[in-house]
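Have a look at these structures, which come just after this line.
Two complexes are shown next, each including chain A; its partner changes from chain B in the first to chain C in the second.
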Partner chain A sequence: MNNDNIIGANAATNPAAPDYTANSAANDPLDFDDDPLSATGVSRKSLVIFFLIDTSGSMKGKKMGELNTVMEELIPEIRKVGEADTEVKVAVLTFSTDVRWMYSTPIPIEEFEWARLRASGVTSLGAALKELNVRMSRNGFLNSPSLSFAPVIFLMTDGYPSDDYKAGLKELQANSWYKFGLKAALGIGNEANDNILAEFTGSPDTVVHAYSGGQLAQMIKIIAVTSSQIGSKSMTLSDDTSHELGEEDVFAAKQKLLGQQIQELVGKTETDDVPFDTGW
Partner chain B sequence: MTELEIGQEVELEFGGKAQVLSVIGSGGQGTVYLVRFNGQKWALKWYDIDKMKKPKEFLKNLRSNIADGPPDNKFLWPKYLTKETEDGTFGYIMDLKPEGFDSFVDILNTYKLEVDPLTGRAVKKDVKFSSLTAMITAVINIVNSFRLLHRAGKSYQDLNDGGFFINVNTGAVLVCDCDNIAPDGSNFGIGGKPGYMAPEVVRGIAQPNVQTDKYSLAVVLFKLLFRGDPMEGEKVVRDVCLTESSELKHYGQNAIFVYDPNDATNRPVRGIHDNVIKFWRIYPDYIKEAFIRSFTIGITDPTKRIIENEWQKLFIRLRSEIIMCGCGRTNFASMFVQPTEKTFKCPKCGMEFSTLGFSNRSYRMPLYLGCKFYECEMNPESEEFMKVAGELVENKLKPGVLGIKNCSDRKWRAKMPDGVFYDIAPGKGFPVWQGLEIDFGEIKAQI
Partner chain C sequence: MFNGFSHSVMGASHEKTGLVCQDSSAYKVCDDYAVCVVADGHGSKKHFRSNIGSKFAVEATISTIDRFYADKESFEESFPKNHKLIIKNIQKQIISDWNRLVEEHIKNNPVTEEEKSKFTEEEFEAIQPESYYGTTLIVGVAGKKFTFGVQIGDGTLVALFDDGKAVMPMEYNEAAPANVTASMCNSNAAGLFSAFYRDKQKLIAMFTSTDGLYTSFGSEFDFLDYHTIITNQLGDIDSFKNIIVNNLTKRAHFGTEDDISLSCIYDKELLEEKSELIASEVSANKQRAADRKAERLKKHVETE
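Entry: the complex of A and B
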């Protein structure tokens, strides 16, 4: 075919126009799939939710049973959270004597299936934080070619770390994904130390505590759903529109919002727990 | 009382009770339920007033919107308010989305998830426009609905991909989430959805208004046609992790259009933005230029943004330049070969198409079997862009003879090979021939 004849009307009528095409050669309408209706989905942003779960011996029994059940139920709820423009993936790291990933790579929420966990061993939180630091990188679990939101990192534990958690945390704190990530933690039962958890999340607002089975289920849902909602969306307009926003106004805005919302929701459930005959 | 229970009854302001049947979905401001009221099914939006900045003013605005009524039937408008509860919670009911409409979000994703009622598993189902005409018609409908809204002195405020339902077979559009619509200049706390918000709103120096709606409208149109984000290119992708400050930068302080002719720092990236790269080659220059203006000078100067009427004219032109070739290739005229000023040729099968030139416009309309003329194209006073006024058809009694049928309710005149103009009454037609001239009244056309 003679190339001169099939120059597109674009190029023929407007030779002086700037070259908008990716291909700087003549705009030959037949050298690519030119069907205006065939498109792939709009490229989505990705969000990885990391669950760090204590599976030490002390979690055995009711706590583990409750946790497994609520996590199974939670997955479909998080599925609804992932909006059209965000692809949500889940990675689960368990720690007891050893640290172990539930799956070798983050799994899209549509396909994720919860593998029931068992409890035994000690609480190697430090090792878990180190492992998280290694995987939380472009070469590790955060390798999506398109844009990513900062990850959500949710830690659940019921005991005092049996290893040097400070060393692990120090390594993790140097990781930028951790720095920008949304961090929340849940202490389970009397042994868990909220101060250590606040060291992990960076503020006491994003730490909650569950003392009973019912509370455990509630708190896991509150934290997981709220943090994935906030994490999978872009920043929203600030309350104060009287001045131009600067970087300092928006820095860690999502983490602050997460703290506020968790505290609000936890506050609500606490008042709901008051028996009908008290507080008069 | 932020959440309603299934089976619970909610009293409406003007009497009657709506019973909650199920949850339809939830958003930033509240939850939408399926309810029964007066024996019919409706949607009930129930607000979480704790999440609202100005619930009282919001309610007042909602009430006046209900009183004003929708600007046009393309809006799923609030119908009746519920009675306020003791703690000030309220909601409203509206019509349910009719069958056959898909959400804009599903169109952008190219699929939707349908849950199999037996297994509970979600199955992917394709969501795609069935024709190019349907897609461009949807664009015209979107633009037109915002034109009507703005004419009524109101702004939509949080225009985004969640705001529309579209029929992919006809291009019909329904605008939903109409509860933030407010008189231009007022705002009751909504900011908008990032990526769709005008840069001045992202930066915190303006509140949503008619001008910021225009920016968001350009984003919606760009996403629908180019299937990508107008501001997401190399510069943004290099950031890898989208933090709050990088969003402020890329969508506010330093937003750069991916095809800014004077700034190549944010071009689309192959492998990530393939849609945008492909479609930028397909659309004709006048469409691309409108987007360039919206996203370059229109970023800093809101008054330079394309007005709805201008978009409407551009897309009515684009619809008239679609060619459906007999070989199955459908595309815009700009993607066909133009052997002479007055003809187009299919680069695939070689078929040639004549064109009609009109007395009131500079571009020519290609003619092919099945192409339609709309009322607004034949009659300068008409704004009816959906009403078919004429169609190119094959004569039922003389197979192989093509002609134009008058589907309008006015008389036309057409010149026949004998040089005489004949009256063409509504319902009648005339053959297309090389010296054809048509007199539509004020507008004249010729081959």
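Entry: the complex of A and C
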């Protein structure tokens, strides 16, 4: 190469031993007060948690009230979940007669505020699954340049779908984010059908049921916290024999771990409060 | 008159695993043209010499552009008329030069037993020698009458033309497979390039970067704004360069932990002429970012 006019050709600088003396803050060598470029933040690997929440009329009263309270309490707990290098974002899709996103885009957990939901209408689960399929794409909600973990998808419902949920599920099942996402579901009260929920998650191990307000609070916390912990974990892409593992192996390992941990934690829960369906 | 800078920093993940930096970067400025170039060696098992491959990609690019500009008058006259054809020719020449450098290197530095030890005999035999050096490449070239760029594999090119807006002008090659990183080492590499050409707008500044920079941002808006902020500071590049290096280091450390390379060229006179426009873009971008955040935090559900 003719170097006569080349002003710069670079080898790497090692971040472990840089010369920061001119710009260093006292305690953090990577915190620069005088950096106009800090206006555009550094993004970590992100994890989006999708909550699909049934807001049909049958959720009215104690179920919806309890769910709102638990979700308000849950947000600070999820903030602690992501490993230090994970940016957790939350997207909430409500479904009754219509489907609606709580926010128009996934919101970083630090900025997320729960909006207390109201229940009315029928249970359009199929429409919700179709809507999730549309938004769960690089052209939709997962458009951040930063790298993403496969999402966590958590479905909560108390009744039998009033529309063709199978059509929605079929569309969703072709979505790669869904295929590799961690899926869990919570049936609320006696009317929720665990078989349908297992169709959604792909395994009965990742379906749990809550029959009372106390159980609802416990189950939501168990599923949301466990799935986001596992979802934000970087699992090695090689096994003991140093063969490289594919994404499908990592997904299968994570989904299996989620099922095991949920079942283990659910087995330890105790509650003696009044079932939802008593007097309903 | 053109000026520029370039820098590569090592990603924290490579630091942890003891891998050397796989990126290379360079810039060249002359009276008649300027080149900014970065390359990102693949760094995975079978690309065990990709740090050298990325260096060769940068060298092959600069020497190719130099050759095309050797007869400056003729090149500047014919290029606007036949830019598609000539860009294809440039891509082929870069690939050819890179392959020649790779061949020479293998000849002078045969694969060692240690390098082979990571593979079974069958595995090793299945790898094409040029794959050892696999790398991406992103190039921006500014001439007096036109601007163009070529790219193979991941990475980004951002340009600020005389309207002061930061844009990504590369026209992506739909033939390149979306789920596989196109590489200089592919047997059909010359057909996997993307490119762009502009001759209606004057170039203020152009940046090429490896994908470690892009993936350290939460949004494409932020990524583009970042380049506008840098452009706004280029008038005092000697003081600002240290800040850029520190910022890249922070991104390579706290972002996706990948190596990051950034190379920039700019037209000093036009930059000075447009300094107020760029400064106003920086302020406008700040306001737009605040507006986007406010919009994002609006709730859309029926509440109690």
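The rule we apply is simple: the second predicted complex is superposed on the first by the 210 of 280 C-alpha atoms of A that agree within 3 Å, B and C clash if a C-alpha of one lies under 4 Å from a C-alpha of the other, contacts with A are read in each partner's own complex, and residues count from 1 in each chain.
Simple rule for what comes next: contacts are C-beta pairs under 8 Å (C-beta built on N, C-alpha and C of every residue); 3 or more make two chains touch, one makes a residue touch a chain.
Treat the numbers as computed from the prediction; the structure is a model and nothing was measured.
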Contacts of A:77 with chain B and chain C, given as first, second, both or neither: neither
Touching partner for A:42 - first (chain B), second (chain C), both, neither: both
Which of chain B and chain C A:146 touches, first, second, both or neither: both
Which superposed partner A:250 touches (first chain B, second chain C, both, neither): first
Touched partner set for A:117, first chain B, second chain C, both or neither: second
Which of chain B and chain C A:102 touches, first, second, both or neither: second
Which superposed partner A:191 touches (first chain B, second chain C, both, neither): neither
Touched partner set for A:264, first chain B, second chain C, both or neither: first
Residues of chain A contacting chain B in one complex and chain C in the other: 5-10, 12-14, 18, 20, 22-23, 30, 32, 34-37, 39-45, 85, 145-147, 244
Residue ranges of chain A in contact with chain B within the complex: 5-10, 12-14, 17-18, 20-23, 27, 29-30, 32-37, 39-45, 83-85, 110, 138, 142, 145-150, 176-177, 180, 233-241, 243-245, 247, 249-254, 264
For the chain A and chain C complex, residues of the former touching the latter: 1-2, 5-16, 18, 20, 22-23, 30, 32, 34-46, 55, 68, 85, 87, 92, 94, 100-105, 107, 111, 113, 115-118, 120, 143-147, 244
Residues of chain B that touch chain A when the two form their complex: 50, 53, 105-106, 108-111, 113, 122, 128-129, 131-132, 135, 161, 191-195, 197, 201-207, 223, 227-229, 232, 236-237, 239-245, 247-248, 251-252, 259, 261, 268, 270-275, 277-282, 284-285, 288, 330-339, 344, 347-348
Contacting residues of chain C [partner chain A, same complex]: 4-12, 15, 20-21, 23-30, 45, 58-59, 62-63, 66, 214-220, 222-223, 225-226, 229-230, 232-233, 242-247, 249-257, 259, 261, 263, 286, 295-304
